[in-house]
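After this come two complexes, each holding chain A, first together with chain B and then together with chain C.
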Partner chain A sequence: MTAPLLHVDNLHTYFYSSGKQAFIRSVDGVAFDIAEGETLGLVGESGSGKSITALSIMGLISEGPGVIRGNIHFKTNGTIQNLLEHLDTYVTVSGQNNRIMQVNKDLVGWEKNVDKIMRDIRGKKIGMIFQNPKSSLNPFQPVGKQIMESILLHTSVTNPEEARERALTWLDRVKIDSPRLRFDNYPYGLSGGMCQRAMIAMALAGEPLLLIADEPTTGLDATIQSKIIDLLAELKSEFGITILLISHDISIISRLSERVAVMYGGTIVEYGPSRDVLARDRSAKHPYTQALLASIPNEENLTENGYLKAIEGDVLDTINIPEGCRFQNRCSRCTDAIREQCMHEEPPLHEIAKGHHIRCWLFES
Partner chain B sequence: MRLQKDIIFDAGYLRVNPMPKTILEVIDLKKHFTHRKGIFSGLKEKHQSIPAVDGVSFYLKQNETVGLVGESGCGKTTIGRTILRLTPPTSGKIIFDNKDITHMSHNELLHLRGEMQMIFQDLDAALNPKMRVRDILKEAITVHHELSDTEVSARMQDLLDQVSLKKSKLANFPHELSGGEKRRVGIARVLSVGARLIIADEPTSALDVSIQAQVVNLLKDLQKHLGLSYLFISHDLRVVELISHKVAVMYLGKIVEIGLANRIATKARHPYTTILWSSLVEKQSRESDASRQVKTWGVFDYERPYSGCRFAPRCPVYAANGRPDVCTNPETEPVLRDTGDAHRVACHFPL
Partner chain C sequence: MKTYSQHSLEVTDLPEIPLWKKADKVDLLYVAYGLFIVLLVVGSYIAGSLKLLPYDPQDIDLNLMMAPPGTTGHVLGTDFMGRDMLSRLIVGIQAYFLPGLLAVFIALYFGTVLGVIAGYRGGLWDTSITYFVNLVDSFPRLVLILLVIAAFKPNIYYIMFVVGLTNVPVVSSLIKNKILFLKEKNFIEADIALGIPLKTIIMKHILWHHCRALLVIQATLGMAEAILIETSLSYLGFGVQEPAASWGNMVQSGANYLMQGKFWPSTAPALAILFTILGFHLLGDGLNNILEGRKKGS
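The block that comes next holds the complex of A and B.
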């Protein structure tokens, strides 16, 4: 078996809230891998740690303490590199009962180390489409120039004329009408959908091995949304690009990805092939995934009197993570037999079928 | 003050009266924004005007929800703001509760403001960040009525119960609340003045599916108990389809189709409506990729010149029919025509 393109293991990214004098445990032990040519969907409510996971992989967390534990193995040119190499030399962690209570991190030294490792990775090997294209593009530069910059920095092309031609082909490839005209447009002159396309062109122009798409369609109209998804599907089949797709919209995830990881409160609660995880009729499912699927507004999910099946309660506050299962206070499937365990012990990820993992005491026999 | 009792009586009245009265009627409403190019060019040429809302008519009955859908930039929010007179209309008529409010003075409007309210799209901007939830609600409760402190706190408790918000949240600032809680505060504020007509502008966008479902259920509940009428503006077709009784589809400042929600979703007659609904990613993922035809409609552009039907440049039916003149002739711009079953469509070649 060949090694996966990206293998994330036991990733912890924390922030410190000085007001509350406590850690915000945004990413708390996330592990997954992506094989070459595969699309992995990362789905979950806002605040579940999806974007922070992506930013941690890119080494873009600048607030302290940030990434404090874990391994990110990335395969480049046949060799496997740990993007969090030497992390232990900068961080000391202490705590009890598997819970980190204190972190000492040499932020300056760590940043230097990250920059050294990531210089050849960011943009070149891992491209990223950011959540808000309008604010992620440079407002003072024409979009074409920005794509050119990405080509000159990350590919073997050094001639500006050639880079310009390439940028134009990329604009054409992401289906921007009349690329020659649009090349000189500033981001404010483009619509939201077009900015998103320019952003995708920019990420792809560096010819990365892995593309991280963070909510690529959020805030766009339904018609534009379906076009962006079509575009990503096309790029996938045409170039065989590997994608980590982050979204809170399950319909988008199910359309594009082969495997899905469902995140809740900083951990992955269910992980497996899309058709198993996102199938409505499967009973072997984490209660959170089940509730999430049931709350999608459509005819099948309506109750008799025309109401939607909402998940009661609020998204988990990652400052006060309860002892035991993170979903316990909103869970409707907790039975008396396992209640004690749910309240006091965090369930492990349990493999219920080949490649299908669930973090719930219900499936722990 | 219009207490909850009276409103509940209204809802009871509706149950015995099968013909609810019309609470809002909009007749040929227009709102044009002028677009100035620069100081000097402004002197030379006439100002270019953007018809954000260009002749819209519809009505809203009591206890009814009308959904307003369309792509961003088609004028949905402008309609909402114009109906409440937050921006003055260019022409047309707005009739609220049998009173023409199109040219009403601000002093007169002040009395009606309590009965018609808006839930704003961006609650981070609509809730004062320096006020606690308690003060935000108190201000809203006392703005139209003089009440003693005990009455205010009783009313506040009522409101919290209605929107199921925890009492402990009263001491919080808006930034300490989650997205769903912020929505609840926004809704409580609207209810506190005794609103009967609520214009909900994208009340569920930017919320997670689970929280979105909570808010939709809350709005439905409130409608049932208080007899509210909603104009529900959203670009999320799935939510609109479920919450609305009637749906109006807008394109470039005009309503192109209006009818009962399930008919719009399943038996639409206007090509734009069918395209809009078929672009739902959820629907597409159920169809196999092979059977899904590739749709190549152009981009929505406000400043693109058009004549006749506004949708013609993007319309597949227009192209399939050999680009007939009737679609692009300004003399024969399609108007809303009744096609039976309370369904009206503005198209020369309805499907």
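The block that comes next holds the complex of A and C.
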């Protein structure tokens, strides 16, 4: 078996609330991998740590303490590079009861180290599409120029004329009509959907090995959302790009990704092929995934009096993560037989079928 | 190397840390000192107006002229006419207390009103108010005060009116900029969309929530400035006139005896001026740092 393109292992990204003198455990032991040419969907509620995972991979967390533990192995040209190399020289962690209670981090040194490692990665090897396309583009530069910049920086093209031609082809590829006219447009002159297309063009123009799409459809209306997803699907089949797709919208994830990781409270609770994880009729499913699927707004999921279903309770407070299962207080499938375990022991990721992992005591035999 | 640590496993109830606990120790010290001075000034003012004084400040005792501090009955000694220094210092507060409040009130009231109109209305209102404010600002303050003294009589209230007026530009431009900044924010737009009356938006959502720290600080600084102007004018003989006591004219009359080694008639009021103004300034400064959540370290 060949090594995956990206292998994230035991990733911990914490923030510190100075007001409450406590850690916000945004990403708490996330592990997954993406094979070449594959699309992995990362789903979860707001605040479950999806975006922070993506930002951690890109080394874009500048606030302390930030990334404090873990490995991110990225395969470039056949060699595997750890994007968090030398992390332990800058960070010392101490704790009790398996909980991190104190972090010492040399923020400046760490930042320098990250920049050194990521210099050849950002844009060139990993491209990223952000949420809110309008605010992610430079408002004072024509979009075409911004795509050109990406080409000149990250590819072998050094001739501006050639780069311009290349940028125009990219604008054409992301289905912006009359690219020559749009080339000189500023972001404010484009609609949200067009800005997102330009963002995608910009990310892809660097010819990255991996594309991280962090909620690529937020802030766009439903028809445009659908078109953007179609575009990503087309680009995927055309160029075979590897995508890490982050979204809270299950329908988007299910259309694009081969595998899905469901995140809750900073960890992955279910992880496997999307036809298994997102299949509606299977019972072998994490209660959280099940509840998420049951709350997709469609005809089937309406309650008797025509309301949409919602998951009871609130999103996990990532400062006070309970002992045991993170989903315990909202879980509807916890039985008396396993309740003791749910309350006191964190379930491990258990493989119930080939490649399908679930973090729940229900499936632990 | 930066250290982050969590002390307990369970962060149970998450109490809002009170402002004074988050603040820098130095700022707290400033504010404590400032408040002490303000209380002392207010207390002395009340004592002075209730005539709760060790001696009558106008009581001339020719047998005890220039008694040094510590003389029986006269803690701070007496001046060149044998009047009790402590009583005169306390009564001297009356020279600036109410006039100073007047100056602060004028500066804050008109500054706020003009700032709100200029910031919220904009357009012609803004232009004309800005012109007026610039006009006031371009006048040298002392010249304006001397003009008023020349035209009327050296009444401290007239002087303080001018002091307040010349402080209007500072306050109004601060308020105007704050409003221009806040006006674009979504929550103000949401307020308007919710149908909240303009008066409530301006008074509560803008002035009370976002400008109160600024106004408190301007008030303390304004008071300090009023004291300084009053004492310096009285020192020059334009302000409060003898025999009425003012810290300024006390320094002036005492200064004549400084060369004879009799330092107390001038030094006591001078130190009073110094510590009082310092107190007001530190109060404003400390409050500013605490309320705006500023820390020296970061």
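Keep in mind that, in the parts below, the second predicted complex is superposed on the first by the 365 of 365 C-alpha atoms of A that agree within 3 Å, B and C clash if a C-alpha of one lies under 4 Å from a C-alpha of the other, contacts with A are read in each partner's own complex, and residues count from 1 in each chain.
In the analysis below, a contact is a pair of C-beta atoms (placed from the backbone, for glycine too) under 8 Å apart; a residue touches a chain by one contact, two chains touch by 3 or more.
Bear in mind the structure is a predicted one, so any value in this text is a computation, not a measurement.
Novice: Looking at chain A, which partner touches more of its residues: chain C or chain B?
Specialist: Partner with more touched residues of chain A: B.
Novice: Please indicate which partner A:284 is in contact with in the superposed arrangement: first for chain B, second for chain C, both, or neither.
Specialist: neither
Novice: Output check: A:252 vs chain B and chain C. Expected answer is one of first, second, both, neither. What do you get?
Specialist: The first partner, chain B, only.
Novice: After the superposition on A, what does A:107 contact: first (chain B), second (chain C), both or neither?
Specialist: second
Novice: Is A:192 touching the first partner chain B, the second partner chain C, both, or neither of them?
Specialist: first
Novice: Looking at A:338 after the superposition, I want to know if it touches chain B, chain C, both of them or none. Which is it: first, second, both, neither?
Specialist: In the superposition, A:338 contacts neither chain B nor chain C.
Novice: Applying the touch criterion given at the start, work out whether A:320 contacts chain B, chain C, both or neither, answering first, second, both or neither.
Specialist: In the superposed model, A:320 contacts chain C only, not chain B.
Novice: Identify the partner contact of A:311: answer first if only chain B is touched, second if only chain C is, both if each is, neither if none is.
Specialist: In the superposed model, A:311 contacts chain B only, not chain C.
Novice: Check the residue A:60 against both partner chains and state whether it touches chain B (first), chain C (second), both, or neither.
Specialist: neither
Novice: For chain B, which residues are in contact with chain A within the complex?
Specialist: Residues 71-72, 178-181, 206, 208-214, 216-217, 220, 235-239, 241-242, 275-276, 279-282, 284-285, 289, 297, 299-300 of chain B touch chain A in their complex.
Novice: Can you check the complex and tell me which residues of chain C touch chain A?
Specialist: On the chain C side, the touching residues are 1-7, 9-12, 14, 16-17, 22.
Novice: Under the definition above, what is the set of chain A residues touching chain B in their complex?
Specialist: It comes out as residues 45-47, 177, 191-194, 217, 219, 221-226, 229, 233, 248-252, 254-255, 291-292, 295-299, 302, 306-312, 314-315.
Novice: Going by the contact rule set out above, which residues of chain A touch chain C in the complex?
Specialist: Residue positions touching the partner: 14, 16, 19-23, 64-65, 96-97, 99-107, 319-320.
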